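Scrolling down, you'll hit the structures one after another.
Next come two complexes, and both contain chain A; in the first it sits with chain B, in the second with chain C.
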Partner chain A sequence: MNTFLSRANTIFAFTLSVVAALTFGCFLSTAFEDHRAPVSIKTAKAMVKRVSDFSVSREKNDLGFITFDLKADMNPLFNWNVKQLFIYLTAQYETDNNKVNQVVLWDKIIQRGEKAVIDLNSMNTKYYFFDDGNGLRSNRNVTLSLSWNVIPNAGTLPKVDGDGTYTFEFPTEYSSSRS
Partner chain B sequence: MDYLLPLVPDKIRNLPTHMDFDGQKRAERTFQVIIILFAVVGFVWGYICQQFSQTMYILCAGFLLSCVLTLPPWPIYRMKNLDWQKPRITEETLESSSTVSSKSKGKKK
Partner chain C sequence: MMTFLDSFSFLDDVRRMDTRQLFYQALNFAMIVSSALMIWKGLMVHSGSESPIVVVLSGSMEPAFYRGDLLFLTNYKEEPVRVGDIVVFKVEGRDIPIVHRVLKVHERENGTVKFLTKGDNNSVDDRGLYAPGQLWLQKKDIVGRAKGFVPYVGIVTILMNDYPKFKYTVLALLGVFVLLHRE
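Then we have the complex of A and B:
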């Protein structure tokens, strides 16, 4: 503390410690938040085709086409320790080959300050709904669910499942490739 | 840079730039209090308007304020100079000091 530089060093170091303490306080103030929110999902159209997934092999696999309606209000999830939400729609189903199949069909990033109400009607999926075999046709139990990651300023990165899932079935016949 | 020193006028060169021990202690306490005060206020304000950036801006303001108040050696940090004992004058010291001074004088000449 006897020279200009040593005082500058001490003040800077002390300020950094205080910044760390404040950041930790910010984390603590939101550590026990409940990041869940109600979600309503529906499918408007579901059909299944049999096409080649060339990126994997030449065999013909089931490819599902669905359009979905999605309603969710994400506004309550935001607070001073949330920078953005990564929201994704997952289809989960069971086939003879695999007990659990999960396919991400659609996702969206909502940053803080953007419009946080999701209201989609007859939305197409963003990614292909390929099965790794022929398990989609006449599958009676495909469950759509919405989940999200909460990206904070400081702290943990929670993965949260929305309240509300929707179960639908695929038709028993392949659609012709034209439709 | 040393060659610049003689060019500086004596008035400026003789400005005191030190802090005494008590001043150093008070300077440290001053910036600690200021920064913690701004941190607490910033945390509350940031929580109220739910913007952590506001907390950081207020803390920055406290940092700058404490820099202005405690970095330069202001005269208020120089109010309790140490009372050094006066050098005891014995024959030995007289002799040595006289020899030293005479030596230095001789060098100068």
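Then we have the complex of A and C:
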């Protein structure tokens, strides 16, 4: 029974299965990549103030200011199943209040075809480095690390930490609000 | 003209069906519905999330996710919340869950965690989207965390929601096809 409808139906179903199989093959072909790359991070300056984050409350919290240097080549991470990389710089530290604190200071989206070499000098942070309390002053162990979230054309969404972190400490005195 | 009419020739099949055949078709239909339900419930158990597959409804995570893309979620309680995770969360007073990325995490010694999110395509964090007075999200707000991605597939759901008539037409056609079609 070869009516028009049954033919159209068969072609549509076959096209769908072929597209699904190809997409799955594309995912399988890149499923075992480790997406790692070396990273070099340094801070040029670190100071801390005690101010109110008015978007949270009137309470005064520690606000860190840092500038950082960052070098990484993301080109090797791109393959045919990488649509975009979401790259973010995280500060991780421990305080009396909290066992784990993670604050994203800077991020960047690199899409396929865009320039994928990161080379920043004395860069300011993109987001405020507010602590949840007063745990930044004279904190001796703040670790900066660069990580990325790989967005594929289709497949899993791995989160990868770059090889290379940098640990710095904040000064023991608050900076005056003028400087 | 003849060929077009021919395409409805399957209706003749219906006329020829006996009771046993009708009964078989109805059971077949029930089989499809219940296996779909089983797959969905099975995914819920496996992923630990109340909705293991979600469709992206807004452009706030562009260019990673566009409207109509499909996300696979897991929600394992023991897995810690960390920055960079893409979480799907519910906010009190909003029906539709939001898909955004974690920007800040503060976790206490006893494991209670509070975190702040932001959409990749938004210039500010999500405090304006949370319930009035709510500053942080907690673990109980999470519906799931995005672990897998397939583009475009969910656009059918969006079309169905935007055009209810389209939805009923598709459902009716599918139902008629399954009930009447004979191998």
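Keep this in mind: the second predicted complex is superposed on the first by the 178 of 179 C-alpha atoms of A that agree within 3 Å, B and C clash if a C-alpha of one lies under 4 Å from a C-alpha of the other, contacts with A are read in each partner's own complex, and residues count from 1 in each chain.
Here is the rule we use: contacts are C-beta pairs under 8 Å (C-beta built on N, C-alpha and C of every residue); 3 or more make two chains touch, one makes a residue touch a chain.
Since the structure is predicted, the reported quantities are computational estimates derived from the model, not experimental observations.
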Simultaneous placement of chain C and chain B on chain A, clash or fit: fit
Partner chain(s) touched by A:Leu28 [first = chain B, second = chain C, both, neither]: neither
From chain A, separation angle of chain B and chain C (C-alpha centres, steps of 10 degrees): 40
Chain B versus chain C as contact partner of A:Ala44, first or second or both or neither: neither
Per-residue contact with chain A, leading partner among chain C and chain B: C
First (chain B), second (chain C), both or neither touched by A:Val117: neither
Contacts of A:Ala13 with chain B and chain C, given as first, second, both or neither: neither
Which of chain B and chain C A:Asn153 touches, first, second, both or neither: both
Chain B versus chain C as contact partner of A:Phe4, first or second or both or neither: both
Chain B versus chain C - smallest C-alpha distance in the overlay, whole Å: 7
Residues of chain A contacting chain B in one complex and chain C in the other: 1, 4, 153
Touching residues on chain C, where the partner in the complex is chain A: 3-4, 6-7, 9-10, 63-65, 80, 82-86, 101, 103-109, 113-114, 120, 127, 135, 146-151
Residues on chain A engaged by chain B in the complex (per definition of touch): 1-2, 4, 7-8, 10-11, 14-15, 18-19, 21-22, 25-26, 29, 79-81, 153
Of all residues in chain B, those that touch chain A in their complex: 18-19, 24-25, 27-28, 31-32, 35-36, 39, 42-43, 46-47, 50-52, 55-56, 59, 63, 66-67, 70-73
Parts of chain A lying in touch with chain C, wherever the complex brings them together: 1, 3-6, 23, 55-57, 83-84, 86, 88, 90, 97-104, 109, 111, 127, 132, 147, 149, 151-157, 159
